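Common to both upcoming complexes is subunit A, partnered first by subunit B, then by subunit C.
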Partner chain A sequence: MKNLNINHRQVGNYDVLELIGELDAHTASQLEKVLKRLINQEKHNIIVNCEDLEYIASAGLGVFMAYIEDVRSVGGDIKLSNMNPKVYNVFDLLGFPTLYDIVPEEEEAIQKFESDESE
Partner chain B sequence: MLSRSANQGEDHQSRFELNTLLETSRMLVESQDMDFVLNNLLLITMGKLMVSRAMVIIYQPATDNYKVSKSKGRNCPPEGQYLSFQFGDKVREQSVIQCGIDDIELPEILEGDHRCTLFNLRTSNNHIGFLCLGSKGNDQPLNEHEIEFIESLSIISSVAIANSRMFTELRRINRKLDRKVYELNTLFDLSKDFNIMVDRQEIVRIFKFAMLGQMLIRKFFFILEQDGEREVVTASGIRTTPDPADIDTLFEREQDLIEVDQQLADDIPFLAENDIRAVIGLHFQHEKIALVGVGSRANGEPYSSSDYNFLRSLGNLALLSIQKTYLLEERIEKERLEEELNIAKGIQKGLLPDPIPGCDKLDIAARNISSSQVGGDYFDILETPDKRLLFAIGDVTGKGIPAALLMANLQAMLHVLLPIDISLTEATGQVNDIIHRNTPADKFITFFWGILDPDDLSFRYVNAGHNPPVLFRADADQPQELQEGGLILGAMPTLNPYEEQTVPLSSGDLLVFYTDGVTEAMNPDRSEEFGKQRLLDCIRNHRSKSSEEIEQAIIKDVQSFADGDQSDDITLIVIKVN
Partner chain C sequence: MTVEASTEHLSEVRDFVAEHAAAFGFNQQEVADIRLAVDEAYTNIIKHAYQNNADETVEIELGYNNTKFWVTLLDTGNTFDVTKYSKPNICQRIKEKKRGGVGVYLIRKLMDDVEYQTEDATNTIRMTKIK
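Our next item is the complex of A and B:
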C-alpha cells in the first residue's frame, strides 16, 4: 500500500502543505490531523501544493470539504496548486474548481491570498 | 467600357463574398463555441451591410419564447432577456422577413426601428431562432444580393449552432458518464477498504469524508442504532444535537428518502438549523437502523435521483461494514469465552484426585466424564492423616460456570476440613451452613461422603440427599442402599445434625457411588431413562471383575443406551474389597 507524506513549510504568512503520494481512504485522516492542527494554531491561510500528489480519492476530497468552512469563516482559505492533470480531473469532475482556488503554481496562490486581503 | 468596369466590380464583390462565406464556413464549422459563432455572425453581417444594431434571438421550445443570446448596438434588448412574440408557424417557415415590406404583422423588435429584417436560423428540421438586423445606415431596404448573402451566412451559422449544441450536449453526457464511473470506482474502492478494516471509528470517518468529497457537501450526520440506542456517530458542520424524540420521528417515517420540506423543518428545528436537505434511512436485515442526513451541495445543484442512489449505496456499504465489525467482535468474544472455559476445564480437572490414592486391601476405580466444558459433578478420594480413606461424591444443581464454581468451593472445604479432628456429622453440618449462606437459594449440592478404615474395614458415611450408593455384599444378590444422613446441602441451615451410619465391610464386597448422570441418561428419542435397574443389572453382570472393568462396563452401557448423546455429567466410584 502506498502512503502519504505531508511536508509543512512556512512561506511568509502562509502555511504550505506538500502532499506526496496518495490521498485516499487510508491516508485522509493524516491530512485531517495536519489541517486540524493548523486551524487550532489559528493558521488559516493554507496552500496545499499537490505537485507530488499521485492519486486522490473522494475521501481525500472530503477532508477539504470538511474544513473549508472553518478557515473561511475566519477570513482564511485553503488554496490548491500544482496539480497534475490526473488529479485535477478528479477535482474537476466533482465540481471543486467552482468552490476552491486551484492554481497552476504555488506563487499564484500566494498572490491570490494577497489580492484577497487587499480587497 | 462603363458596363465592363461595373461587371468587373460585381465580379470582384462576388468573389469577395464567396471568400467570406468560405472562410466563415470553415471557421464556424470547426468551432464548437456557440458564443464565437454568434459573435461572428453579427460582426460579419453588421460590417457587410453597415447596420448599427443587430441581435440573435434563440427559440426556447419549453417556454415558447425567445432569448436574446447576443446583441450589438445601441438600444438593443440586453443579452439574456426573454422576448415573446405571437409568431405563427408561417413566420417560422419563412427564410427572410422584412418589416414594413412583407405583409406580416410584426411587433417592434428593435426599439424605434420599423425596417428590421429577420433571417431565419434553422436546420432542415429545427427552428433555432432569428438573426434580427436593424435598418441600414442609409435607411434603404436590403437588396436582393445582400439578402442572398446573409441567407447563406445564416444557413452556415445555423449548422454551426446545431453542431455546437450537439457538442455541448455530448460533453454534458460524457461528463455525467465520467461522474458515474467515478462514483462506481469510489464504491468499489471503499468496499475493498472497508473489508479489511475492523476499526469502526475509522470506517465511520472514511464514510464521512467520502460522502463530503463525492457529493460536495459540508453538512452531514450519521445516526446509528446499536443495542436500542440511536446516536449520532459522526457529523460534519452540524452545530446542534438532535433531540432523541426527533431522531425517533425520523426513524419512524415510512419512506426511506425524506426530502426536508417546510413542514418537516418546522416540526424538527434541528434540520432547519443545520440546513439539512434530505435524510435517508438505511436498513440491515429488514430493519431501519441508520439515518444519513445531508445538507445542500456546495455547488448549489439539487440532488438527483442518481445522487440519492449513490448516497444510499455508500451508506449501505458503510453500514454493512460497521455491522460486520460488531459480528466479528462477538465472534472474538465467543472464542475468548470458549478459551476461558477450556482453561476452567483444565483447572477443574486438576481439582479431581490424580493419581487416585490406593490401598492394598481395596481395588478402587473412579471416573468423571463432563458433558459440557465445565460441570457440576465432583468426586474425591483422600487419605486422612491417620491413614484412613475418605471417599466423596457430589452433584451441584445446574451446569456450566456457576456449578463449576460451587463444585470448586466444596472441594476446597473438604480439603481444609480433612486434617481437622471432627466427626463426619459435624463436618457435614458445617459444610451445609457455609453453602447455605454463600449461595443463592436455588443452588444445592447432593453430597455423599464416607471414611473407610483399612484396619477394620469399617465404612462410616453421611448421605446429604445424594443418589444412595449401592453396596453389594459378597454373598448377596440384592444390594444395600446407603441412605443415612440428612438434607441436601445448601437448602436450609443445619437444624438437626446429619445422621451417620457405619457399615462393616468384608472381602468381596462391592461399593458403587454414582451421580444422576448415570441413571438419568436418556435414550435417543428421549422417552426413557437408563434407570437404576439397568445400573444394578450391569453391576451384577460384571461383579466378579475388577473395579476398573465394572466402571468401564457401566459407562459403556450408559453411552450405548444414550447413543453417545450425553446431556449430564457422569461420575462413578467403584470400590471392591480384596
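Our next item is the complex of A and C:
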C-alpha cells in the first residue's frame, strides 16, 4: 500500500505543503486535515508543491475544490506548483487550470501571491 | 481479482490493472488513463454502491482482444443510475464548496467506451480502451 506524506514549510508569509506519494480516496483525508488546520489558524496563503506527487485521483482534486473558497473569501489562495505532466493532465481534464493558479515553480507561486497583494 | 470494498486496496487495484494494460502494449499515457479510470470506478463502488462497508467485495475482471482492452468491475450494492448523471460544473461546485461528482465524467473522458448494466442484483461497469 502506497501512502501520502505531507511536509509543511513556512516560506516568509506563505505556507508550503509538499505532497509526496499518491493522493487518492484513501489518502485525501490526510491533506484535508492539514489544510483545515492551516485555515483554522488563519493561514490563507497556501502553496501546494506537487513535485513528488506521483498520482492524483478525483478524490484528491475534491479536497482543493472543497477549500478554495474558504481561503479566497478572506483574500487568500491555494496555488499549486511543480506538477509532473501526468498529474497536470488530470487537473487539465477537469478544467482546473482556468480556476486555479497552477505554476511550474514554487517561486512563481510566491511571486503571484506578491503581485496579487499589490493589486 | 476479488477485493474488499475499501480504499485501502486502491493502489493495489490500480497497480494490478496498470501492469496488465502495459503488458497489452499501451503507452505510458494510456496506462495512466486506465489506471485512473479504474481508481474512479472502484472508489465510486466503495463510496456509493457500498457506502464504505468494507465487508462487501468488488470483483475486477480484465479482458482483451486484438484491438481492445477492457476492465469490468462487479458489485452487488446500490445501483448507479446513469440516466440521472450530468456533466459536472466544476466552477459551480467550487462556489458551493462541494467536492467529488467528477469521477464518472473522468472515466468517460479517459476510456473509449463505458457500459453500465444491472442484472440479478449485480451491477457491472465495463470500461474499454482501444489500442
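Throughout what follows, the second predicted complex is superposed on the first by the 119 of 119 C-alpha atoms of A that agree within 3 Å, B and C clash if a C-alpha of one lies under 4 Å from a C-alpha of the other, contacts with A are read in each partner's own complex, and residues count from 1 in each chain.
Keep in mind that, in the parts below, a residue touches a chain if its C-beta (ideal position, glycine included) is under 8 Å from a C-beta of that chain, and two chains touch if they have at least 3 such contacts.
All figures in this text were calculated on a predicted structure; none of them were measured in a lab.
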item	value
Which superposed partner A:E22 touches (first subunit B, second subunit C, both, neither)	second
Touching partner for A:I102 - first (subunit B), second (subunit C), both, neither	neither
Touching partner for A:K86 - first (subunit B), second (subunit C), both, neither	second
First, second, both or neither for A:C50, with subunit B first and subunit C second	neither
Residues of subunit A at both interfaces, subunit B in one complex, subunit C in the other	24-26, 57-59, 61-63, 65-66, 68-69, 90, 93-96, 99
In the complex with subunit A, residue positions of subunit C that touch it	7-12, 14, 29, 32, 35-36, 39-40, 43, 46-47, 90-91, 93-95, 97-100, 102-103, 105-106, 109-110
Subunit B contact footprint on subunit A (complex, rising order)	24-26, 28-29, 32, 57-66, 68-69, 90, 93-96, 98-99
Touching residues on subunit B, where the partner in the complex is subunit A	175, 178-179, 182, 186, 189-190, 193, 202, 205-206, 208-214, 216-218, 236-237, 298-299, 301
Partner subunit C, residues of subunit A touching it in the complex	1-2, 22, 24-26, 55, 57-59, 61-63, 65-70, 86, 89-90, 93-96, 99
